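One structure, pasted below without further comment.
Read from first to last, the chains carry the letters A, B, C, D, E and F; within each, the first residue is number 1.
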Amino acid sequence: MKIKVINPNTTASMTAKIGAAACAVASPGTEIVACHPEMGPAAIEGHYDEALSVIGVLDEIRKGEVDGMDGYVIACFGDPGLLAARELAKAPVLGIAEAAMHAASFITMGFSIVTTLERTRGIAQALVDRYGMTRFCRQIRTIDLPVLSLEDGTEAETAVLQECHRAMKEDGCGAIVLGCGGMADLAAPLSQQLGIPVIDGVGVAVKFVEALAGLGLGTSKVGELAYPTSKPCLGMLSAFTRST
Amino acid sequence: MKIKVINPNTTASMTAKIGAAACAVASPGTEIVACHPEMGPAAIEGHYDEALSVIGVLDEIRKGEVDGMDGYVIACFGDPGLLAARELAKAPVLGIAEAAMHAASFITMGFSIVTTLERTRGIAQALVDRYGMTRFCRQIRTIDLPVLSLEDGTEAETAVLQECHRAMKEDGCGAIVLGCGGMADLAAPLSQQLGIPVIDGVGVAVKFVEALAGLGLGTSKVGELAYPTSKPCLGMLSAFTRST
Amino acid sequence: MKIKVINPNTTASMTAKIGAAACAVASPGTEIVACHPEMGPAAIEGHYDEALSVIGVLDEIRKGEVDGMDGYVIACFGDPGLLAARELAKAPVLGIAEAAMHAASFITMGFSIVTTLERTRGIAQALVDRYGMTRFCRQIRTIDLPVLSLEDGTEAETAVLQECHRAMKEDGCGAIVLGCGGMADLAAPLSQQLGIPVIDGVGVAVKFVEALAGLGLGTSKVGELAYPTSKPCLGMLSAFTRST
Amino acid sequence: MKIKVINPNTTASMTAKIGAAACAVASPGTEIVACHPEMGPAAIEGHYDEALSVIGVLDEIRKGEVDGMDGYVIACFGDPGLLAARELAKAPVLGIAEAAMHAASFITMGFSIVTTLERTRGIAQALVDRYGMTRFCRQIRTIDLPVLSLEDGTEAETAVLQECHRAMKEDGCGAIVLGCGGMADLAAPLSQQLGIPVIDGVGVAVKFVEALAGLGLGTSKVGELAYPTSKPCLGMLSAFTRST
Amino acid sequence: MKIKVINPNTTASMTAKIGAAACAVASPGTEIVACHPEMGPAAIEGHYDEALSVIGVLDEIRKGEVDGMDGYVIACFGDPGLLAARELAKAPVLGIAEAAMHAASFITMGFSIVTTLERTRGIAQALVDRYGMTRFCRQIRTIDLPVLSLEDGTEAETAVLQECHRAMKEDGCGAIVLGCGGMADLAAPLSQQLGIPVIDGVGVAVKFVEALAGLGLGTSKVGELAYPTSKPCLGMLSAFTRST
Amino acid sequence: MKIKVINPNTTASMTAKIGAAACAVASPGTEIVACHPEMGPAAIEGHYDEALSVIGVLDEIRKGEVDGMDGYVIACFGDPGLLAARELAKAPVLGIAEAAMHAASFITMGFSIVTTLERTRGIAQALVDRYGMTRFCRQIRTIDLPVLSLEDGTEAETAVLQECHRAMKEDGCGAIVLGCGGMADLAAPLSQQLGIPVIDGVGVAVKFVEALAGLGLGTSKVGELAYPTSKPCLGMLSAFTRST
């Protein structure tokens, strides 16, 4: 089984970290193909960045379909382009926010999310609502540091730990959902330090894609997620033209 | 990895069917232990039946903890006793309604449920709402035949097929969720006949428990799902007494 | 009119307190039959305890139907087994959480609940949502003491009073709903001390059952709450077998 | 105990019918004072009529407070002026829509409302939502005849019966809520004809006010329903001026 | 184009302030007719006041229809009588709470409301929900001073400024909605002091009525907002009788 | 005042139609600049098309900011890129779905949407929910013809008319919202034929942008819609790099 794990931003160190997290949990027969797009923003910290990243995500899905991938993971906590990506693929496509929140709802009645920039709180909240997780999400917490600060280590990691402690004390949560693909390496150590499950969406998404693909379940091609209709796409996006 | 798949009713033929469905999808390293309780109703067709079945489910979880199970599946579409079972176990516990609906939300924007008796519609609807799947569930449909009619074959199977066709036409759904553990053997043939994903919760629940256990994620013991507090349990339930 | 008031736990002193509260408000022509089951947990402090208590509640309803009761009250704030009990009875069955919250919504735009253990907060919240009281419930507050601490008096009573004061100040509530059958004796003194209505569900449930029964209104036997279908119930639960 | 039952429109025959329904269910010690305002519309069939009726309702509450009433019922299915009335009174005030819907939620998982004019459907729906009854209300049905057609008998009564039959068949409801004070005399015969509970809000409201008043529970004077603040009221409304 | 701006209370100084705010933003071709009713309360600080004010609002709409107005603004933050007023008019009718909240949702993902008395918080919250603004409204804040204190200047203005600062800091809001017609003159200075948009509903409502009327859009006379049906209105409200 | 009206697809005839509709309603002092992007899909009929169109929308906003626009309209009923566009601009930015739905909620209690392809129903429903219009939207109806069929005239127009008639009869709606920028020319004739308001979002959006800009209200730069943070954007999207 081949699963493509797409880091939607163009920062290679984050792709490496995400790839490592995916490989660490993959089943024996699973091949992880970690990548990032050739185009797009270096980090995703708002609606504008997200919109720009989607082009690259779709490009990777398109190429993945040619390469016969059995499933995809979109490894940014905003799950950018998730529904558009599903239109392109018959294989299952999961976002890491989606996977992490659903998994959390299986093991606790209340989780808190710890993410990066304050300005992305609304994006996370919209996903919580869209996935039906409103009742399970106690709080969204931010360290208010840029996404790429996670690549530099200590300061951001300390801030995440502190926010997790606050979440346990103030929100009464039973688990933590990490709100950034760049935190994939923090789940294990944090879980040990805190004594409650700390959930990294990259790992969960890989396992859930394995589960779905293993069951022969892929994106339904009837209804809203059917393949895109044929039509020209102009200008610099001409490679995205769909023809029957 | 050992996963206990509990059929909450006491009908052995249904346990066999559920067990077969679980074994069919289990990963190489997974051992499936299918069982049903020693006590309780022969089928679950309402709140009263469900309440009675919970005692048996909890009994099986209790024994499973002694036997060192790595996860549990509650294989009745009402997910009876799910939260009580989670209090008893540190391993992950999934209900088949829960697993099926979440999986459906990963591959379509709208699913319909096809279940047995009309009178259980409200129970299914309450689960849809509790799991946050309101937005994804287009319709709950019933064949209005008893649960055990599924053990007799043709009539019930035909009714399920007809209702699936109606769901596709009238609800515009992109996938079907089968609303009874006793339908576990119908998912594959129906999926072929209908041309859309048909989801049996038994299979999904086994794979998702494998996924969670594989990630080291189990029920959070902090908060609402912590182990039950110590106290005597009197009369014929004395075996359920908890002591520190 | 005979109303059976069922304390779902097996602690006799709490049954006595609940029975006294019921008798104190019953109309001249009403006979109160207070009881607790022969089996089950000594207190109800979570999902596991609740599931175990339901067997006893159903047993008491079953016997009550033989004795020709005109209505029932389930006197634990989790309203355990309420819908299953309604399936068994044609007479009205009310839970004390249900009764108290509805009454509160008749006399204030915002009430707070004061209950016992922190871990049961989620159970109370689920009831608030199920009964449609989300808009009226400002806050659920806990003293975080075990249920049976209410039988010992002062410490728990003081904690309840303090939490009520906090509720008035911080939640801006117009009334308090007491979140435990064991607090039935506190409503009157607290109401005087606080100067706002303090609502004990036992009293309200008795009066509402009187009201419904007086109007000839009982559980609808059409739909989800119809009598349970006939089927064997095995093992130690064989007494719960239903036959036509 | 004296309960004032206010018909908010100025049609005397409807007041008589409502008064009779109230007297029929009142407890031995309860005195029913049925009335209608001296001013306002002859029937209430929309927002404009409702707004005009509120002045009269408030006038009757104001006089009732002088007369020492122990509780009030507002006997129009739109519950006009309910919250304003509660500000004026310390005694409990119930609307018949409110009372009927809450009672219905105690005895069935799904009720349908049968009311008069199609154009008032939205008013009924807003009350369903405001009272938290969204989950319990299966459908609002209208006979699309004017309110006062109920005073003329046969045609309207036949239409109500037909709509009830449709509700049972198409909505799967377990009880009917009658959506007009002028239908108070239809509950008993319809209930017999249909074989499910048919709920008239006048009767329920009287019994619930008896229940609350019997428990010493009245409108909370802390918060949103506190007595109106002192201030002049000019012109033809000068009688409504509040002074400390 | 003639737009009638109705101050629903009877305080002339507030009418003057509201009229000035309306004139300041009106387009060249727009004539503003500011007024208050001849009857009703001097300020609106609860449900009772609001109910009384509606008579006057409807009277002004009735006269406005005779005078050929092209649109109406109801300039009290409770939007009293809005739906009843719409029944009377074919021209568009907007409330200032409605206009302000919708405008806020066009320019920010989260606004806070700053209003006067604490006891009116529930009225504001009900409007937030009715208009679908629940997701956009971060917080409702009150200065807990009477409405007419705004006519006296400094103390109330300072309190509003302080509450706006708190809203920015504690709620993370991107805009402020002023919660009283009497604050119409504060929007501009506050906006400068705070550095975020501060929205006065009077201005927005005037511009939105201009927009709708300019597009030829008025209240739909099909359905719930159709003209009131003919019927006598008795007593001191006889002037409100509707005849075909 | 200069308002840029962006047709997010690359079909010139649709841009012309949208531009004409905008000019027809613009105030004397308003200059309409109608355009479509240089890149992207010829029509928008799903999530994939929408994602691709956003790049072009952002490109036009970016250029518009250089050109000193006073406001923007995104003239596709999916409101593609609305929040990303708002991050880029301080001037107000409105989508036509957003504008049309809000306007509809000002003049009726229930509207129906008539749009093109069945597969875009979910996109429209998600917007209804996001804008808080769930309570006002009675139904979403589709003619199930491609977007560009509207450019060919008769067949699509007839289908729209038929669906409007069905909406009036079956949904009881008081107004129609046209669900495609390419229907901008149909609002006036349909409104005359149907006798209820038919709302084209292009016209409303232009007038609402005029209203907001006239009041000095633009996108709040505090919070979620602040300017995008500086960072490189790689590859073919390098023109979208943001630097301080």
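To be clear about the criterion, contacts are C-beta pairs under 8 Å (C-beta built on N, C-alpha and C of every residue); 3 or more make two chains touch, one makes a residue touch a chain.
Just so we're clear, the structure is a prediction, and the values are computed from it rather than from any experiment.
A.B. asks: What is the set of chains touching both subunit A and subunit D?
C.D. replies: B, C, E, F
A.B. asks: Identify the chains adjacent to both subunit D and subunit E in the sense defined at the top.
C.D. replies: Both-contact set = C, F.
A.B. asks: Taking each chain's centre as the mean of its CA atoms, which one is most distant from subunit E?
C.D. replies: Comparing chain centres, B lies farthest from subunit E.
A.B. asks: What is the distance, in whole Å, between the centres of subunit B and subunit C, each centre taken as the mean of its C-alpha atoms?
C.D. replies: That pair's centroid distance is 29 Å.
A.B. asks: Would you mind pulling out the distance in Å between where the CA atoms of subunit B average out and where those of subunit E do?
C.D. replies: Taking the average C-alpha coordinate of subunit B and of subunit E, the gap between them is 52 Å.
A.B. asks: What residues in subunit E touch two or more of the other chains?
C.D. replies: Counting only residues that touch two or more other chains, subunit E contributes 83, 86, 109-110, 121-122, 130, 172, 223-225.
A.B. asks: If two chains touch, include that pair; go through all of them.
C.D. replies: A-B, A-C, A-E, A-F, B-C, B-D, B-F, C-D, C-E, D-E, D-F, E-F
A.B. asks: Could you please specify the touching residues of subunit C with respect to subunit E in the complex?
C.D. replies: 109-110, 172
A.B. asks: Quick check: in the complex, which residue numbers of subunit B touch subunit D?
C.D. replies: Spelled out, the residues of subunit B in touch with subunit D are 118, 121-122.
A.B. asks: Inside the complex, what are the residues of subunit A that reach subunit B?
C.D. replies: Going through subunit A, the ones touching subunit B are 25, 27, 83, 86, 92, 94, 98, 102-103, 105-110, 130-136, 168, 172-175, 191, 195-197, 199, 203-204, 207-208, 210-212, 214-220, 222-225.
A.B. asks: Considering the complex alone, what residue numbers of subunit E touch subunit D?
C.D. replies: 10, 37-43, 45-52, 54-56, 58, 81, 83-84, 86-88, 117, 119-123, 126, 130, 146, 223-226, 228-229, 231-237, 240, 242
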